[in-house]
Each structure stands twice: as structure tokens, then as C-alpha cells.
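Listed after this line are the structures, all set down as C-alpha cells.
Look at the two complexes coming up: chain A is in both, with chain B in one and chain C in the other.
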Partner chain A sequence: MIQSKRFAAYLKRIPSDIKKLLKEPFLLTGILLVNVFLFLFIVLPLFKIFQLSFEVEGHFSLRIFYELMSKSYNVRPLIHSLTLGTAVAILGTLIGFIFAYAITRVDIPWKRFFSVTATFPIIAPPFMMSLSAILLFGKQGFVSKMILQNVVQFKIYGFYGLLVVETLTYFSTAYLTLYGVLQAIDPALEDAALDLGASKGKVFRSITLPLATPGIASAILLIFSQSLADFGNPMILAGNYTILATQAYLTIVGMYDMKGGAALAILLLIPSLIAFCVQKYWVSRKSYVTVTGKPSSTRIKMDHPVTKYSIFGLCLILASIIFLFYGMVFFGSLVKLWGVNHTLTLNNYRHVFTVGWEFIKDTLLLSSIATPIAGILGMIIAFLVVRKQFPGKRLMELVSLLTFAVPGTVVGIGYILAFNQPPLVLTGTAAIIILLFIFRDLAVGVQTGIAELQQIDPSIEEASTDLGADSARTFRKITLPLITPAFYSGLAFTFVKCMTAISAVIFVVSGKWNLITVAILGSVENSDLAQAAAFSVVIIIFILLALWLIQFLVDRMGGGRKIKFEKPEAIQSI
Partner chain B sequence: MNQAYLEIKNLTKEFVSDYQEEKVVAVKDFNLEMKKGEFITLLGPSGCGKTTTLRMIGGFESPTRGEIFLDRVKINDIPANKRDTCMVFQSYALFPHMNIFKNVAYGLELRKLPKAEVKERVEKILDLVGLKGLGNRPVGQLSGGQQQRVALARAMVNEPKVLLFDEPLSNLDAKLRFRMRIFIRKIQQEFNITSVYVTHDQEEAMTLSDRIVVMNQGEIEQIGTPQEIYARPRTKFVADFIGKQTNFLTGKVVGAAEGKQEVEFWNKTFSFKGYDHLKGGDKVTLVIRPEMIELSAKEGICEGEVTLVTYLGSEVNYEVKANHQAFAIQVANPLRKGVFRVGEKVCLNFDLNSIYLIKEQ
Partner chain C sequence: MKYITPIILGIFIVVSSLCSPPVAKAADVLHMYTALDPNEAKIYIEAFQNETKINVEWVRMSAGEVLTRLKAESKNPQVSIWYGGPSAEFIAGKKEGLLVPYKSPVGAPFLKGNLKDSDDYWSGFYFGAIGFGNNTSWFEKNKVPYPASWQDLLKPEFKGQISIAYPYTSGTAFTTLATLVMILGEDNAFEYWKKLDANIHHYNTSGSACVTQAGLGEIAIGIAFSHDILAKGTSKGYPVKGSFPSEGTGYEIGGMALVTGGPEPELAKKFIDWSLSKPAQDLMKVWFRIPLNPEAEIAAGATKASDVKLINYDDEWAGNNNKRLIEKWRQTIGK
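== the complex of A and B ==
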């Protein structure tokens, strides 16, 4: 009832909205352009996949899915992906919760250290963990060969290997989500429970945990979709444990079966979309955590020695494992020939900067072009969505956030389908990579921009209009400076994503334009582990440099606010 | 029997700030004795240590030094959940995932009371705070005043030995604040609940309290009934903090005899009574409240010029410049006494019996 009434009111408003728009040609052009871009580079590729897999001789048909489902080697990846996703989501959320709880609620030492450790996987290339797993537990592995002398065989290729590396890669998402949720719970609530006679354990069970439940559900769903979309790790470690994302790639690249690949992509898309919708429209609405003015006091931290040191110990063990994995890649990058000759050398880096220089150059160039464009476009969309009235606004928001939900493999396939033929032939160009970067990571900028704008009183902008500025000038002179911190956070995040992207771009790289991540994957497949390690370290160094640079710029211009990866949704995978 | 019900001895709290290894003294040598059923307010500007003191009584902060006795038992080391105190929080701190009934029953259920008794007591208290029959409502849908009542009920239902209030009315609008103030005081007196109340609102402190503890920078400035605090402030800080606007003058004791003191200011001498502790030559500060000055057109101890007039109906507030000093003056009942205009010359008269003298250190 209310829905239909609202819709009727909405319809009634359209003519006056359009009339208003016509008076502001600049705004109108802006909206039209954004819509064209969103359609071309987000909707069209997806549509192409659907078209290819559902259309048989010009008619709608589900035949391809019958064919797919009738063959066990196609059903298996679906089951595998879902099983792995669920397992990673649960384990990753558990570890994320332990870190978040320890840091927000327990009086442990080294909080900053743990917090940095728990967020580090976000800026590292996601498949570094797999590389490290091979360096540690592979046939020539540091642990398996050097320490255990091959007495124990580790089954790192397959489910368990993937479970470990994906958990270690994606638990950061849970950590950030739950850190935010646990921090936002008013300390007075826990104080009140304590005050009424509850023990610390009872406070945890009856107050903290129930209030954190929506956050936990959110974290599980986010990690689930990240695991589904993960491409790099399964490429390296899956073995016979076939996974949808990689299987779709191999079907297209290895068997030249476009139709089959597209259909697998749709199988991958469906659970991702479901997880996204449940997370966005259901779980996030259940949240009890509300911002109610100033927190009344500092939080009392658990300081009972037994609890304190057992949780501290647990964190220490987890942090050591993370360090061991990343440290091993660093060590591996300095070794002559992994598993055979462990003399230290800088040869790998020499190789990276000579033979691999083209990759580095391309990656840096393309990322640097895409990052600011994605950032600005994101802010423009956020501004339009929050502040302006025009028909199709909600749709614009939804489409720009859709990239969160669509796994990179699906987007990659969509791009080769859409831009391989006229009117837009982009295959093999730098443009297709840049476009992919921009529209893959657009959602981050949009999301942070929306959140920031909603906190700025519209009357500030109204004042500017009142004094005679038009929409464009107001946006440039008033809005943009106000959302600068969010803008820079978005930039930092987008750059990291571009530098570490693999799942979508692997479809569109070419001999002329290639990327480091693809080179790493190639090196691992050729068993050039040391070189792969050196490439990974170089990526991380460039990312840290870029983050430092952006932070430097913010300090100079933005009044010293810290760049933060604060939006948990922003950590959605490639 | 003369033993105090709640006794606080030399309570001190020092924080070590996170960044520099600097000690910050939040509360210093706090001493207080409270009788059973007494209502005491800790009053002071923000950052004066009143909330820290309250949280130490509640067991949320552990004192650096000092002792707290409740009903003759030392409670320093008893954790908050085993302490017989209950707090009403500034943010109400209602559990958002429970309904009203569950919120109020939380403490009783923890004590494993039989279901029937829990139900009976919760319903009784909800009736008392005017929320009868609303037990099933989720707390998210309540108005500020209703949330406040739930918070009060949740604390009171446990029948604690001391009820603690942490600025509970600061989130309500002025009218509601006024009503809740009276409501709290009535319930507190009816059930004879020993209460410690923290606020920075002096009007709130005045209406609610048996005694007020005025704090500043971690230390107690004065403990006394509302009348004592207003009429006989012990320090200049108290005189300035309590009351809307306070005028100060400095004077010198020129003659001190038993029962009569001569104080000189503005080159004139005035007699005061009841300051036997003053000696000749002492410097004093005169605390002159706005209502202790009368204006007349003809004669007074000094002449001045009206510089600002604020007409409020029941009273008029003036700012008058006299002897190079601006005085805040409040005149009640302007309909009868008439109103002066800006720029008019007036004469000031002091109500010497009401003026209070503070000896300067």
C-alpha cells in the first residue's frame, strides 16, 4: 500500500524534476553522461553475458544450464565454490572477531601492532598467501623440506590449502567490520549490564554478542562473496579442487568455449548477488548500533590476567602466522633458487626491474590514470545521488554499487564479450584496462562519498546557491573540499585495488599492455617462485609509497585527517 | 548509629595519559559522609572530576588511593557487578535488543529470582514510573522521557543501597527535564533511596539535593545545603559558579570587634555582623548577588549609569556602570517599581545583611 502510494508520488514528481533539470544544462549533461558511462561499462558487459548464455538461435533458452548441470565436472565447481566460501567465511569471521574483540575489549599490550597486522592483508596482493604457502609447505617448501625433511606431506593443493590462504587473506574484512561494530556499541550498555550484576562472561553473552550479531552476519556474507570471487589463490592452489571463478576462465581461455564460460560466470554471479542483497538490504537494517551523541565514557577493558594473557597469546599466534607467510615471500625474493640454492642475492630484483620493467611501468601508469578518474566519478555520483532530484536516481546508485557484488571473473568475461566487436572495439588497448579499473572500483568512491555527504548539512550547499553559484560551482567550491578526506581515502583504496587486481583484468591484458599481477601468476606457473616473490614485494613497496604520498597530500591540504579503510563494504574483493 | 551510610575517605584518582607519560589528577582527596536516604549532588563544570567520582562509587573506575565504605563495608575491591549500587546512565544505556520488560528484569533475572517474583516486581516498578502495560514495547520506539523512566526503573527495581545518577536529564528538553526532576525527587523521598547525582546544571542540583558537593579541578570546593551554597559560598569559585551572575568587590577589614566588623570599600566604611574570624587588615571579597542591589533615582551609596536593560516581565535585569565597574542588578516586580532606561543616572543601594564576605587568602 505505502509502496504503491510512494511510487505514485514519485511518478507525479517526474515532470517537475525534469523541468528543473532543463534549467541547469550543466547538471543535466552530467547526469546523462554518468548514465551513459554506467550503462556502457557496467550494465552492457553483464547484459552480454546473459545474452550469450540464455540466447539460443535468437530465443530465450535455459539449454546451456541443462547441459552444464548434467555434467559433473561443471556441477563440482559450484559445490566447491560454495563449500569453500562458507568455510572461509566462518573461519575468517571467527579470526576477525578474535582480533576485533581483543583490541576493543581486552587490555592487551601491542594493540597497534595487532591492528596493523590484521589490516595488512588488504594492501597485499591477494594471491601472495598462495605463493607463500608453496614456499612454506610445497615440495621444496621451507617447512616441509628444510625443517621436516619431507617426512610429512602437506596437501596444500586443494580445499585445505585454499581454506588456509583465503582465510588469512580475507579475515581482515571481518576484522574491520567487527572492529567498527564493537567500537560503536555504547560502553554504557556494557557498564549497565555489569552494574546490574552480570559477570564479564554474562555481559559478553547477553549484551555484546547479540548486539554484534548483525555485524557478524555482515562479515560472513562479505567474506563469502570475497572467497567466491577470489581468482589468484585458486589459480595457484586449487589443483583438482575446481572453483567457479577459475573454471570459467579456463573454459574460455583453455577450451575457447565462450558460451560455457559465460554460463559458469552466471552460476558464480547468482550466489554473489544473493549474498550482496542479503547483506545490504536485510542484515544492515537489523543493526542495533546507532550513533547517539557522544560516548559517555571510556570503555572498561578486561584485565583479568588469565583472560588477558590467553587472548594475547592467541593474537600473538595468529599474528606470527601472518608474519610467517608474508615474511617468507620477502625471504623468497632474496634467494637464488628456491628449494635448491638458498644463497642470498638481489638477482631477482634485477630481473624484475629489467625484464619485468614493462609490467611495472604499465601497471603504475594504468593505475595512476584510473585512480583519480574513479575517485572523481565516484564523488560525482555520490553527490548526484545524495543531493539532487532526478528520475532514475535509485537505479544509478544501485548500478554504481553493483560492482561490489559482481565477481571480477564475470566482469572480465563481460568486457571481452562487449568490447570485442563494433561499435566499441577496445580489446588489446590500454583503454580497456583503465576502464575496467575505473568501473571495478567505482563503488568504493560512491559508497564513501555517500556516507560523507549524508553527514554534511545540505544548508551549507544551499547557502552557496543562495549566494549565486550554480550546481557545478557549488560542487567544485563547496562540496568537493568538504568531502576531500573521503575522496582521498577512496583514492588510496582504488589505487591498492588497481595494483593488486587480477581476476577481471586477466581477460583483457595483451602483449602490449600487461600487468605485474599477471606476471606473478605466470612466474608461479613456471615455478619461478623467487621472481614471483620479488614481484610481489615490489607491488607492496609501490603501494606503501603511494599510500604515503596520498597521506602526505592529505596532511598538506586536508587538515591532517588520517586515511582510513573505514568502510567495511569497501574491502570487497576484485 | 552515627556511622555514615556511604563514607568516602581521601578518594583520589590519577590517570596516566596515553601519549605523554604525564599524570593527570582527576579527583583529589575527596571526602564525604552520607546518611541513609540522603540525596547528594556532585556539581561542577565539565572536567571537574564529578563523573569520575561517581564511577568510582559504582565500581567502573578503581581509585588510585582512598577508601569507599558502604553500610560499614569497604567496597573498594568489589567489582561493579557485585556492588550494591545501580546507575542511571546519561545515555540511558537501554539494551536495544530487549523490550522494556526484559531491560528492567535483567538485574533480577541475574539474581536467579523466581519468575513470578521477577514479573511482580517489574510490573510494580513500571507502574510506579508510569509505564504500566508497556512492557512488551521495544525500547527503540520510546520517547526520550520514556527511555529515562525505563532507565530509572531498571536501576530501582534491584533496590540498591545507593542509586547513582550520571547526568540523567541532560538529553531531555527543558520542559521534560523540569518534570523529571520533580518526579525523581518524589520517588527518591518516598522510598528513602540514598542517591548520588552528578550534574553541571545548578538549578537541577538546587531542586533535587539535600546537600550539594561543589567540585572544581578534581577537588571539593564546598559541601552544603543549597541555601548554604548560595548564601555562604566558601570560595570565590563557588560564589561565581552558583547563581546566574555574581558581582564581586574587594574590601579591607578596618575594625574587628566581637560581633561587629567594619569593612572599607569605595573609601567608605560599612558594618557587618557574624564574621568573628576576620581580623583588622584582612582583605575580603564581597559577594553581591544581583538581587541584593536596589536602584533608586534619588539616593544611594554610589551613583551609576544604566548601560543595558533586559525586561523579562517578572523581573528586569540591568547592567549599571558605577565606579568603573559593571554591576548586574536584578529588580523584581517592575510593574510596581518602574523601569529605568539606558543612559539614565541611578543610585545603587546594597542589602548589607545579605552580602557575604569571603576572606582572601
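== the complex of A and C ==
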């Protein structure tokens, strides 16, 4: 009843909204352009996949799925992906929670160190964790051979290997989500319980944990979709434990079975979309935290020595594991021939900067073009969504956030289907890679922009309009300066994503335009571990340089604002 | 604060312009897909560039992947030449109408019989036989002899110790599959592979990857081409030694071909002519491939056709049955 009333009111508003829009041609063209782009580069590719899968001789049909499910080589990856995703989600959330709880609630030393360590995996290039898993625990691995002398054999190819590397990669998501949630829980509640005589354990069980539950559920769902979308790690470590994302890739790249690949992509898309919708429209609404509440500094920390040091020890162990994985890649990149000749050498880097130089240049070029465009477009969409009234606004927001939910493999397949034939032939060009970068990472900017704008009082902008400025001028002079911090966070994050992209772009790279991540895939496919390690180190260095540069400039000119991956939503997409 | 946004955006623009390729040099560029190992392909391609001053832009993919990429791009071909990969894959490409015939005057004197396509759709440029790359330390430790026949691979002691690529991505693995079908007959070959599957540690996408894996000791036996076993294993310093099956083994004539509708057919022809010349064929030494030009030098220790027992490998049949065999393999093995 209320719904239909609201809908009626909405319908009534449309004519006046349109009338208002017509008075502002600049705004109108902006909205139209944004919608055209969103349609072309997000909706159309997805539509093509559905069209190819469901259309048989011009009719709608579910036959392809019947065919798919009747083949064991398609059913197994589906079960594997879902099992792995669930396991990684639970374990990753647990570890993320330990870190977040330790940092927000326990009186442990080295908090800053732990918080940096917990966010570090975000900049990890694809394949990197798997690569170090082989270097550490393979038959010639640092741990298995040199330390344990091959007494224990690790089964790194398959479920357990993937579980470990994906957990180490994606627990950062849980950490960032839960850090935000725990930070925002009003400490007065916990303090009150303590004052009333509850033990600290009881406070944790009956206050903190229940209040954090929506955040935990949210983290589980986010990691679940990240694990489903993961392409790099299974490509190396899956062994015989076949996974949907890589299987879809092999079906298309190896067999040119576009239809089969597209159908696998849909199998991959469905659970991701369900997780996204549950997270966005159900779990996040159950949140008990107060958004505007400032965290109080007088919180009573857990300071019982046993609790404190056991949690500290746990964090220390986890942090050392992460450092071990990173350090190993660095060491591996300096070794002459892994497993045989461990003399240190710079030969691999010579290879990277001679053979790989073109790859590095192309990657930097394409990322540097895509990053600012994605950032600006994201801010424009966020601005339109939060501040303007026009028909189809909610839909526009949903579409721009859709890229969060859709696994890269699916997007890549959609792009080759949509842009390999007239009217839009883009295959083989730089444009297709740039567009893919922009629209893969758009959601980050949109999400951070929306969050930022919602906290800024619109009356400042209204004042500007009242004084005679039009929409464009107000946006440039008032809104843009106010949302710059979010803009820089978005830029930094988008750049990281571009530099480490693989799952979608692997379908559209060509001889003219190559990417470092694709070179890593090539090295890994040929088992040139040291080369792959050197490429990974180079990516990390470039990312750190870029982040440092942006931070440095913002510090210098902007009065010490911090660029952080502080919005948990910002890291949903892979 | 006022200037920071323009500065940051400006930096992005500067970086992108620094990295962008010079526009002017667009003159002579040959676009290529190659199925050779990237580190190897680079050697030949650079030699070609130095000699002819023609630039080559190339992408490395496994042979099966090249085939599918060419099919995908048939409406809008991106490359002019497909360089490297077993002839059977080229025959499959010829069947799909992806290739155009070219008879190289340089190769004409020695490219005879099965060394080229009967209608000149592809030209061969090297020979290599399928073999087993064995990790010597594993065999010493376990006191087992090297596998000397296809049947040996089924021994229980090799459980989880063998690696090969997917027949649908890799020319090496497809050649192995076709070889087994030719030796055992189709039904027995698939029965055989079902048992072999129990001993397979995992499948790769690239055919030569298993050699490095054998070298690293991840597995004991990799099934690969003789030249890859030598080039990526033994000669690199890995404890890898090759052995060959007594029932006979399949082989590849590595091919190259012009792509239908490719943008630079003349440059591609030049490349094919160059690849068959003595200097180019001499370079095959670096990867232990056996050159087809009789004047070219052969690497010491390389596996020649006379060194192993070869079956009468029918690449024509293999190429024409490529799709069917692969689909049957996937159904039977379930991978």
C-alpha cells in the first residue's frame, strides 16, 4: 500500500523533474551521456552473454544449461567454486575479525603496523600469492625443502593451496569492513554493560559480537564473491580442482566454445549476483551502527594479559605469514634458477626491463589514461545520484555499482562478444582495454563519492545556485573541492586495480597492447617462476610509487589529508 | 589545495604521454601470433627485425589458443602470420578456412612430402618428437627405471607424478593424444588415458610447462616435445633427462602459415622466406629444434628423427579429427 502510494508520487514527480532538466541543458546532456556510456559498456556486454546463452535459433531456451549440467567437466567446477568460496569466506572473515577486533578493542602494541599489514594484500598482483606458495611449499620450496628437509609434503595444488592463498589475499576485505563496523559501534553500550558488572568476555559475547553480526555477514558475502571471481590463483594452483572462472576462460580461449563459455560465465554470475544483492539490500540494512557517531576515545580496552597477549601473538603470527609470502616473491625474483641454482642475480630484472619493457610501458600508459577518467566519471555519477532528481536515477546507481558484483571473467567475455563486430569493432585497440579498466573500476569512485557527498550539507550548493551559478559551475567550484579526498582515494584505488587487472583484460589483450599481468601469466604458464616473481615485484614497486606520489602531493598541498582504502565498499570489486 | 587536482591529473597525462608509442614509425609492422615459448620466439623475431628492419608485434599463445583466436577474429583479422605449433593444428586451421596458401621459393628445394601442406597452406620449419622428461633425482631416490614405453606410464609408482597439458589448449598434448590413438586405436587410447589420468598430477595450459615442473621436482615425469625437454630442462641445469617410448612416438613438423585476410601478407611472406633460410634455421639450435633446411646446423645432443622410433604419424588425420577427439577427451576424462 505504502509502496504503491510512493510509486504514484514518483510517477507524478516525473513530468516536473523532466521540466526542470530541460531548463539545464548541460545537466541534461551530462545525464544522457553517462547513461549512454553505462548502457554501452556495462549493460550491453552482459546482455550479449545472456543473449548468446539463452537464444537457440532465435527463441528463448534453457537448453544450453541442460547441456552444460549434463557434462561432468562443467558441474564439478561449479561445486568446487562454491565450496572454495564458502570456505575462504568463513576463514577470511575470521582472520579479518581477529585483526579488526585486536586493533579497535584490545590494548596491543604495534597497531599501526598490524593495520598496514592487514591492508597490504590489496595491492598484491594476481598470481603473486600462488607464486610464493610454490616458492615456499612446493617440492623445491623454501619451507618444505630447506627448513623441513622434505619430511612433510604439502599438497599445494588443489583445494587446500587455494584456500590458504585466497584467504591471505581476501581477508583484507573482512578486516576493512569489520574495522569500520567495530569502530562505529557506540562504546557507551559496552561501557554500560561493564559498569553493570558483566565480565569482558560476556560483553564481547552479548554486546560486541551481536552488534557486529551484520558486518560479519557482509564480510562473508563480499569475500565469497571475490573468491568466486578469482582467476589468477586458480590458474596456477587449482591443479585438478577445476574452478568456474578458469574453466570459462579455457572453454573460450582453448576451445573457442563461445556459447559454452558464456553459459559458464552465467553460472559464475548467478551466485555472485545473489551475494551482492543479499549484501546490499538485506544485510547492510540490518546494520545497528550509527553512521554519524564519532568513535569515542575513552573506550575501555581489553587489557587482561592473557587475552591481550594471545591476541597479540595471533596477530603477530598472521602478520609474519603475510610478510613471508611477500618476502619470498622478492627473494625468488633474485634467484638464478629456482630449485637448482640459488645464486643471487639481477638477470630476471634485466629480462623484465628488456623483454618486458613494452609490457610495463603499455600497462602504465593504459592505467594512467583510465584512472583519471574513471575517477572523474565516478564523481559525476555520485554527484548526479546524490544531488539531482531525474527519472531512472536509482537504475543508474544500480548499473554503475553492478561492476562490483560481476566477476571479471564474465565482463571480459561480454566485451569480446559485444565489441568484436560492427557497429563497434574495438578488439585489438587500446580503447577496449582502457574502457574495460574504466568500467571495471567505476564502482569504487561512485561508492566513495556517494558516501562522501551524503555527509555534505546540500545547502552549500543551494547557496551557490541561488547566487546565480549553473549546475556545471556549482559542481566545479563547490562540490568538487568538497569531495576531493574521496576523489583521491578513488584514484589511488583505481590505479591499483588497473595495474593488477587480469581476469577481464585477458580476453581483450592483443599484440599491440600488452599488460604486465599478462606477461606474468605467460611466465607462470611456462613455469618461469623467477621471471614471474620479478614482474610481480616491479608491479608492486610501481604501485607503491604511485600511491606515495599521490599521498605526497595531497600532504603537501592539501593540509595532511590521508589517502586510505577506508571505505569497505571500495574493495568489493576485483 | 587549489592546484592539486590539476597537478595530479597533469602527472597522469605526463606519464601517459611518456609511455605512449611514437606515432610516426607505423610504416612496416608485421602482426603475429606465435605458439613458440616467448623467450625463444624473441630470439628469432629479433634476428628477423635486425636483418629486414621490419618490426614485428607478436603475442604468444598455446597452439590451440591461436587456432581459437583466429576463429574469433575471422571477421576482423588482427594478425598476418601464425608462427609455430604442430602441423596438425595448422591442418585444423586450413579446414576452418583460416589460412591462405603460400609456397616459399626458399623452402621449395627441401620442403617435400609431409614437411609441408599438400596445397601449401602451411610450411614446416622444424621437427620434434614427443618424449618423457624425467627428473633424475626422483628416479635415483626411488630406484625406479625411467619410463621406456607408454605402458610404463601406467605403473602405480608414478601415481600423481606425471604432468601434461590439456589437449584442447596445447599442441603438444594434442599430438600425444593423436599419437596414442594411432598406436592403440581410438577406444583403447581413451581407455589408456583414463588409467593415465589416475597418475596425472595436474594438467597445464602450455605444453612445455611440465618440463620445468619436472625440473623443479614438482612431478617426476613430464610428457613434452624432445626439444622442450632439452631446452627448458637439461640445458638450463635442471636434473632432467629424456626417454622415449619403445612402442614408437608421435612427432610434430612445426609449421607457419599466412592468415586469411591478414593486414600485411607481403611482410608475412618475407618472414616465412626468412625462417627457411640457413641463418634463421641455424638459430633453431638455441632451442634444440631440428631444422628442416638440410644446410642448417643441428645442436649437439638434439634428438634427431633417426634417434628415436617414430610412428607413421598422420597429421592430416589428426588435424581433421581435432575437434572430435578433443570433445571425446573432455567427455571421457571430465577435465
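The criterion applied here is as follows: the second predicted complex is superposed on the first by the 562 of 574 C-alpha atoms of A that agree within 3 Å, B and C clash if a C-alpha of one lies under 4 Å from a C-alpha of the other, contacts with A are read in each partner's own complex, and residues count from 1 in each chain.
To be clear about the criterion, a contact is a pair of C-beta atoms (placed from the backbone, for glycine too) under 8 Å apart; a residue touches a chain by one contact, two chains touch by 3 or more.
Given the structure is predicted, the values throughout are model-derived calculations rather than measurements.
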item	value
Fit-or-clash call for chain B and chain C when the two complexes are aligned on chain A	fit
Contacts of A:320 with chain B and chain C, given as first, second, both or neither	neither
Degrees between the directions from chain A toward chain B and toward chain C, using C-alpha centres, nearest 10	160
Which superposed partner A:16 touches (first chain B, second chain C, both, neither)	neither
Most chain A residues touched (candidates chain B, chain C)	C
Touching partner for A:250 - first (chain B), second (chain C), both, neither	second
Touched partner set for A:29, first chain B, second chain C, both or neither	neither
Which of chain B and chain C A:188 touches, first, second, both or neither	first
Contacts of A:71 with chain B and chain C, given as first, second, both or neither	second
Partner chain in contact with A:454 - chain B first, chain C second, else both or neither	neither
Superposed arrangement (fit on chain A Cα atoms) - minimum chain B/chain C Cα distance in Å	26
Touching both chain C and chain B, counted on chain A across the two superposed complexes	none
Of chain C, residues touching chain A in the complex	1, 3-5, 7-9, 11-13, 15-16, 19-21, 31-33, 37-39, 42, 57-62, 64-65, 67-69, 71-73, 75-76, 78-79, 166, 168-169, 200-206, 208-209, 211-213, 215-218, 232, 236-239, 326, 330-331, 333-335
In the complex, chain B residues that touch chain A	51, 55, 58-60, 79-83, 85-87, 89-97, 106-107, 110-111, 140, 154-155, 158, 166, 171
Residue numbers on chain A that touch chain B, as the complex places them	186, 188-189, 191-200, 202, 206-207, 210-211, 288, 290, 292-293, 295-297, 300
Complex contacts: residues of chain A adjacent to chain C	71-73, 76, 134, 138-140, 157, 238-240, 242, 250, 252-256, 258, 337-341, 355, 361-362, 364-365, 368-369, 371-372, 416, 420-421, 425, 427-428, 480-481, 484, 487-488, 491, 509-512, 514, 522, 525-529, 549-550, 553-554, 557-559
